[in-house]
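Sharing a structure with you now.
Note that the chains are named A, B, C and D in the order they appear, and that numbering of residues resets to 1 at the start of each chain.
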Amino acid sequence: MENVIEIIGIDKYIYLSIILFCIGVFGILYRRNAIVMFMCIEIMLNSANMLLVAFSTFHQDAEGQVFVFFTMAVAAAEVAVGLAILVTIYRNIGSIDIDKLKNLKG
Amino acid sequence: MDTNVILLLLLVPLLGSLVNIFFGKKLGNGSGIIATLAVLISFIVTVVAFVQVNGTKTPIQGNLFEWIAVEKFSISFGFLLDQLSLLWLLFVTGIGTLIHLYSTSYMKGDENYGKYFGYLNLFIFFMIILVAGSNLLITFIGWEGVGLCSYLLIGFWHKNQDYNDAAKKAFIMNRIGDLGFLIGVFILAFLFHSLDYMTIKTALMSGTNHQINTWIGCAALAIFIGAIGKSAQIPLYTWLPDAMAGPTPVSALIHAATMVTAGIFLITRLNFVFDLAPLVQDTIAIVGAFTALFAASIGLVQNDIKKVLAYSTVSQLGLMFMAIGFGAYEVAVFHVITHAFFKACLFLGSGSVIHAMGGEQDMRRMGGLDKYMKVTYITFLIATAAISGFPFLSGFFSKDEILMVAFEHNKALYIIGSIASIMTAFYMFRLVFLTFKKGFRGTQEQKNHLHESPISMTLPLIVLAVLSIFGGLISWPGSSWLNQYLQPVIVKSAANHPHALGFEAYMLMGVATVGFLIGLIWAFRKYIQKAQVPQEDDKITGFHKVLYNKYYIDEIYDKLFVKPIYIIATFFRDVVEVALSGAVFGLGKIADELSLQGKKAQNGNIGLYLFAFVFGICLLLYYLFIAR
Amino acid sequence: MNVTILLLTLLVGAIATYISGKKPAAKVALLFGLVAFVETIVLICQHNAGTDAGYMTQWISNPNIHIALKADGLALALTLLTTALTPIIIFSSFGDHIEKSNIFYSLVMFMSFAMTGTFLAADGLLYYVFWELSLLPIYFIALLWGNDTFEVRKKAILKFFIYTFAGSLFMLVGFIYLYSKTGSFLLQDLYNARLTGTEQYWVFLAFFLAYAIKIPVFPFHTWQASTYEKAPTVGTMLLAGIMLKMGLYSVIRWQIPITPIAAKEVMPTILVLSIIGVVYGSIVALKQANIKRFFAYSSLAHVGLIAAGAYTLTLDGMKGAVLQMIAHGFVIVGLFFVGEIIYRRYQTRMIGEMGGIRQQAPKFASIFMILMFASIGLPGTFSFIGEFNILYGLSQINLWYAVIGGTTLIFGAFYMLRMFQKAMLGETNAKPFADLNTKESIILGVLAIVIIFLGIYPKPLADLITPSLVEIVSYIK
Amino acid sequence: MNTLIAIGVLAVLVLIAEIINLRKLVIPMTIIGLVGILGYTVCNIDVEVSYYNNMFITKKFSNAFSSLFIALTIFLVALSKDFYQKEFSKISDYISLKLFLLMGAICMVSFGNMAMFFLGLEILSITLYILCGSDRANIKSNEAAMKYFLLGSFASGIVLFGIALVYGATASFDISEIITITSQGTLPIWYSLGVVMIIIGMLFKIAAVPFHFWAPDVYQGAPTLTTAMMSTLVKVTAVATLFKLSFHLLRQMPEGYITAIVVIAILTMTVGNIMALRQENMKRLLAYSGISHAGFMMMALTALNTSAANLFYYATAYAIAGIAAFTVLMAVTKGKENQLIQSFSGLGKRNPLMAIVLSIALLSMGGIPIFAGFFGKFFLFSEAISKGFITLVIFGVINSFISIYYYLKVIIVMFTNNDETAEETALSIPLSYKIVGVLAVAINIIIGLCPSILLNIFQ
């Protein structure tokens, strides 16, 4: 089987991942809706996943792809917990705008 | 044997002092007796030792134990009874005994009777240490110790804050001198690696290292400063008149006869050092002469009987210093001794008067006392004649010798000294006339109280008066026993090249007599013939006022030294301390302020936290990967 | 017998005092204090007989730290000061109402333990541990039993703690640096460390910060007066009587012999600072209204002179410094006790509110006077011996140091006599003033006797410390 | 590995106990179990084995830290009974979560493979998110959980990206293989970029400046026992992991790296201390103090080869003191909305024992000799000086005395005796708190007197 990476070039994948990663980062920085922020974090994780897969292929090594499964499981668990927290917050203050969370400061 | 003599000499007054201080209250009148006996024993021991030394010509020496050891030498608790110290001890313990005796009556009824004798004995103890010490540091113990006793006794009536001020002033002014003394000690230690009189003397005699001469000069100057403090010379003399706040016998003993002459003793002791410092000697002579004149001029117009005597003391001490300045140590010592006799007599006499007057010291309130107190009057008159230079009394010879020496060395100082002598004659007779002659000017109550003092007070007066008359015999012009006696301790002794009495000497004696007469007649005309009484304080004007206020020296010192120190102290306390504290703890304030600002920055906004996070990452990555 | 027994006695004393409960606490503490004192005497006798009472064992192997205690004459002399003053200080507070007295006396004993340890330690880290440990008890003593309201005193005490702690941390850095060079904290190894001039300079500076604050040398003294004022008198006595000496002792024991080159180089500056302290302290003392602050500034002046003596780097100066440390310890404890006695009767520490006491309490006045004259270094008192040695040492370096340092003679007399006059003399005070009771007489009497006896016969002490100092001086050369 | 499995089994047992209604047994059982596991781990501390293709490697370093974690967990579990009194029905959830967290922590110090590291990190983090928000009705707890979650998963993302880059450069997740590869030839820049990103992720976990902002907020909002856990167990874990990662991965780093670490360490200490100066909430104060301690512990990163023992000592001292401090904090602020420092006032009278425990804990953190904290600092300083980082040490020293200021402030408040607001009634403290507090302090003093006990483990 022909290696896709050799056709396109690993650097392109890296750039793409970095761009995705940065989109995630900027999303987190500029959005105040908690759900959207969760999604941005997912983008970040997935950019990393993509990078892992790309390198896995590049190195002809399956470990990277196995790692991605771990990551996905972890991310799922993380989001589950995150959403649970979000629900309790919504119950308490009736909003998911994180700018309203300013009780703790100083 | 030698050590025992020394111990006996020292410990008896110390014991007396301790007994009186601790058990004075229980002893009652006994404490006076104990104290007097203690000094008497010392006196007897001194006489025995004197006889021995005078016979064998070898000093008595003894080291008790090592006291202080420094790297290059050690200082032992050692004593040296040679001709000089024995001479001093003789009149210290002798006059001391008389004054103790006198005090038993004078102080009777005082609530701290026992303590008074305790202090007085302690004074004798320290004076003995001062005089008998075999090295400079032992002398220094005595030196400071007598200062302490002086402080205690001036402020003896401690309820009166003015007296306490006087005591404090005396102590502090003395301490200025003491610092000088100590500095002198350090220089000598630096030069000779010893503080022992004998060792220093030997070292100086054997080697003539000219390089050290400057340092010798410095040492001499420093020690002279010490002497200035103790012997009340310009500029540190102001404490002595104030010291009259103490009981009168104290003034007689400490502030006239003994302690204040310690300066002369010290310089005489170190004559071999001073001989090498001609510049310092000149300074001494000049300071002495000016002190003599200055103090005498103030004495002219004082109305407090003790103040007059005090200024007279300062003036006489000035004359002694003048003599020392000319290198005539024996002459100074001679005057010290005669002065001790007549000045003690004068003070005790004035004490007798004050006793009779019920504490009144202002001569304007006295007068005509000769009728009530014959013994006091006569002895007082004798002593006055002696101090004024009535021919063939003790003062005549000693003062004349000083003037003679001055005439030889420096005519200007001779004139100053002579003027001071004339003034002395004037104010002393003014004192006698105002106190004892004419009518009584005090209150009726005082008049009824007037009486002659008891025998324990008059006896010392009589003894001292006799000594004032015949004291001059120890150094009869032309054939001085004193010069011979002191020859071993004084390097450039006058006994080595005696000179016969020539025309010059007789002429000077004549001049002195004339001077005495001028003073006497001046006083006589003013206070007997014209029957003047000094004006009340508020009427005094002009130069008279300046004199009466002692040239405002106290006020000037106050403005120049005391006040500025207080101002600086306040400044340090209120400004510098606060600033220093602020400088150190200001850092704390900065941290505190930063903390406050930091708290504001931490505003609880997740967005900010994330931003800081990302910013931190970017900075780190930039620094690590892009910047280089 | 070796010195560990002494240290253990004090430590056990601290614990026993705590356990014994409130009532007997003071007595238990006094008992242990006296036992420690006797042990010190025995140790000194042993030392004079030639037995070495030191102790050494490994504590931590990596880094190489020992429990090393050196009991030479110098250390023993200061130990003697500590163990002699501790019972006196404890006894002085008998009869005072002290809350939770068992904790209080336990802390006093513990502090005594730590200070003794500081004097004896011969391993840098052990020394540092003791040094810091001694800070804790005094902090709590001052904080919990101090004068004034809590709010007011806590600031002063906190300032004191932080300031001294800050200084000593730099000393720790100095030690660590030395360790990195020599691989040992042992005093002897540090003495033999061959550091270059620059290295010595930095180590010297690090040590100096700690000591200058502790001593305190001008201008690092700002904690002193307020701490003395706010601490309870027992605490003040411990501070002024013993703790200040830790700094001075350390200068001689640690700083100078370890960094001789730097010490020589910096000497003039430090001498000037010390002497400024002498004059400055004296002048500021003149205008103090509170008697404890007054004594604080007088201490500043005195320790300034002692510091100057230590930094002369000459045998004489150092000897004077050590003697004066001991003398000052006894005198200042006595003086603070005098202040406390007045406070017990008049409930005031303001000099202006006293006066006219001498008439009512002649015994008290006499002893006060002895202490006062001792404080101003009258010959015949112990202080004079030290002062003379120090000034002599200074004069051998440069006469001007001695001249200006010697102004303490004048200023000392000035402020002391002024205070005495205001506090004790004058018209009899309307408020009654009971003369000394037995306990007070014993304490002050003992102090007075010690001061005068050692003033006349200081040889035993001088002989005790001289060999150690000779050794230290040999490292300077 | 056996340790890890045993803990896992214990956690499952705890959950089973809930099912069969043996709630009361949960805590004793856990403590006994953990003590047994601790004993086992300590006994095998020298055993070095690797499991599952180097996924999990036990070494002295990991065993020692694992033992410390287990010991800390024992304390924290022991405190749980009284802390969760009101919601005792959920006790087994809490306990099992703590045990899972412990597993994560052990994975983090014992990993032999980046996957294991990442899993450990996530197990630790996720359980901690849950524990943070466990006080559901409390808005502060929610907020803390949210903040921690957002920032924590953000950091996870960065770590993951870093791992991906490292993988890209070395084609392996295995630590030993990575070491072999990195020591052989020049690697692409991604490698060091990846390592830096992983390190940044860990710096976030230890709350180093400027990634520290979450710490005070989260500490304050979380239930106190969770805060105690974060402040002791989690912080120590993070530091140990950071050290281990640095030890293994730091190769071919850009030359400014060490400077950057030093600067971050200095900033961390300083910011932590300065911010702590004016805190009024005890938990926030301890949070900031924890930040500054993280800065101190970062000093160990300047001497990777030699300071494992020092770091372990410091971590133990710090964590033990933290346990003692939080014990008292919990005892005093029980049932209170805010954990103000003011509420400690008069503690010296109300409960002297607790006051002494807290004093010792704080003094130890401040670095007063004879308490373990002093030696911790001392060893780190020594190491740093011998490596030539004098500036760092001087900043450390300056920070030490800044820190002593606020520690003493708390102590002063405790011994204030003339405050009207202070409750004069004696404070009754549950037995478990007393035992934990005293035990922690005792350990502190013992390891202070004989530091060799801990130091010799690493020789």
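In the analysis below, a contact is a pair of C-beta atoms (placed from the backbone, for glycine too) under 8 Å apart; a residue touches a chain by one contact, two chains touch by 3 or more.
Owing to the predicted nature of the structure, the values given are computational and were not obtained by experimental measurement.
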* Structure fact -> Chains adjacent to subunit B and to subunit D under the stated definition are A, C
* Averaging each chain's C-alpha atoms to get its centre, pick out the one most distant from subunit C. => A
* **C-D compared against A-B, more contacting pairs** => C-D
* Mind checking the centre-to-centre distance between subunit C and subunit D? Centres are C-alpha means, answer in whole Å. => 43
* To do: Give, as an integer number of Å, the spacing between the C-alpha centres of subunit C and subunit A.
  => 66
* Structure fact -> So, in whole Å, the Cα centroid of subunit A is separated from that of subunit B by 98
* Asked: When the C-alpha atoms of subunit A and subunit D are each averaged to a single point, how far apart are the two points in Å?
  -> 27
* To do: Give the residues of subunit B that touch two or more other chains, as numbers and ranges in rising order.
  => 588, 599, 602, 604, 606, 610
* **Multi-chain contact residues (two or more partners), subunit A** => 28, 98, 101, 103-106
* Asked: Considering subunit C alone, which of its residues make contact with at least two other chains?
  -> 162
* To do: Pull out all the chain pairs that touch, please.
  => A-B, A-D, B-C, B-D, C-D
* Which residues, counting only subunit D, touch subunit B once they are in their complex? -> 146-147, 150-151, 154-155, 158, 189, 192-193, 196-197, 200, 204, 209-211, 213-214, 216-217, 253-257, 260, 271, 274-278, 402, 405
* **subunit D to subunit A touching residues, read off their complex** => 114-115, 118-119, 122, 125-126, 129-130, 133, 136-137, 139-140, 142-147, 149-150, 153-154, 156-158, 160-161, 163-165, 167-168, 171-173, 190, 216-218, 220-221, 279, 281, 284
* Asked: How about subunit C: which of its residues touch subunit B in the complex?
  -> 159, 162-163, 219-222, 225, 280, 283-284, 286-288, 314-316, 319, 356, 358-359, 362, 366, 373, 378-380, 385, 388-389, 391-393, 395-396, 399, 402-403, 406-407, 409-410, 413-414, 417-418, 421, 425-428, 456-459, 462, 466
* Asked: What does subunit B use to touch subunit C in their complex?
  -> 21, 65-71, 77, 112, 115, 137, 140-141, 143-145, 148, 151, 155, 158-159, 161, 164-165, 167-168, 171-172, 175-176, 178-179, 182-183, 186-187, 189-190, 218, 565-566, 568-570, 572-573, 576-577, 580-581, 584-585, 588
* Complex contact set, residues of subunit D against subunit C -> 348, 363, 368-370, 374, 378-379, 381-382, 385-386, 390, 393-394, 397-398, 400-401, 404-405, 408-409, 412, 415-418, 450-452, 455-456, 459
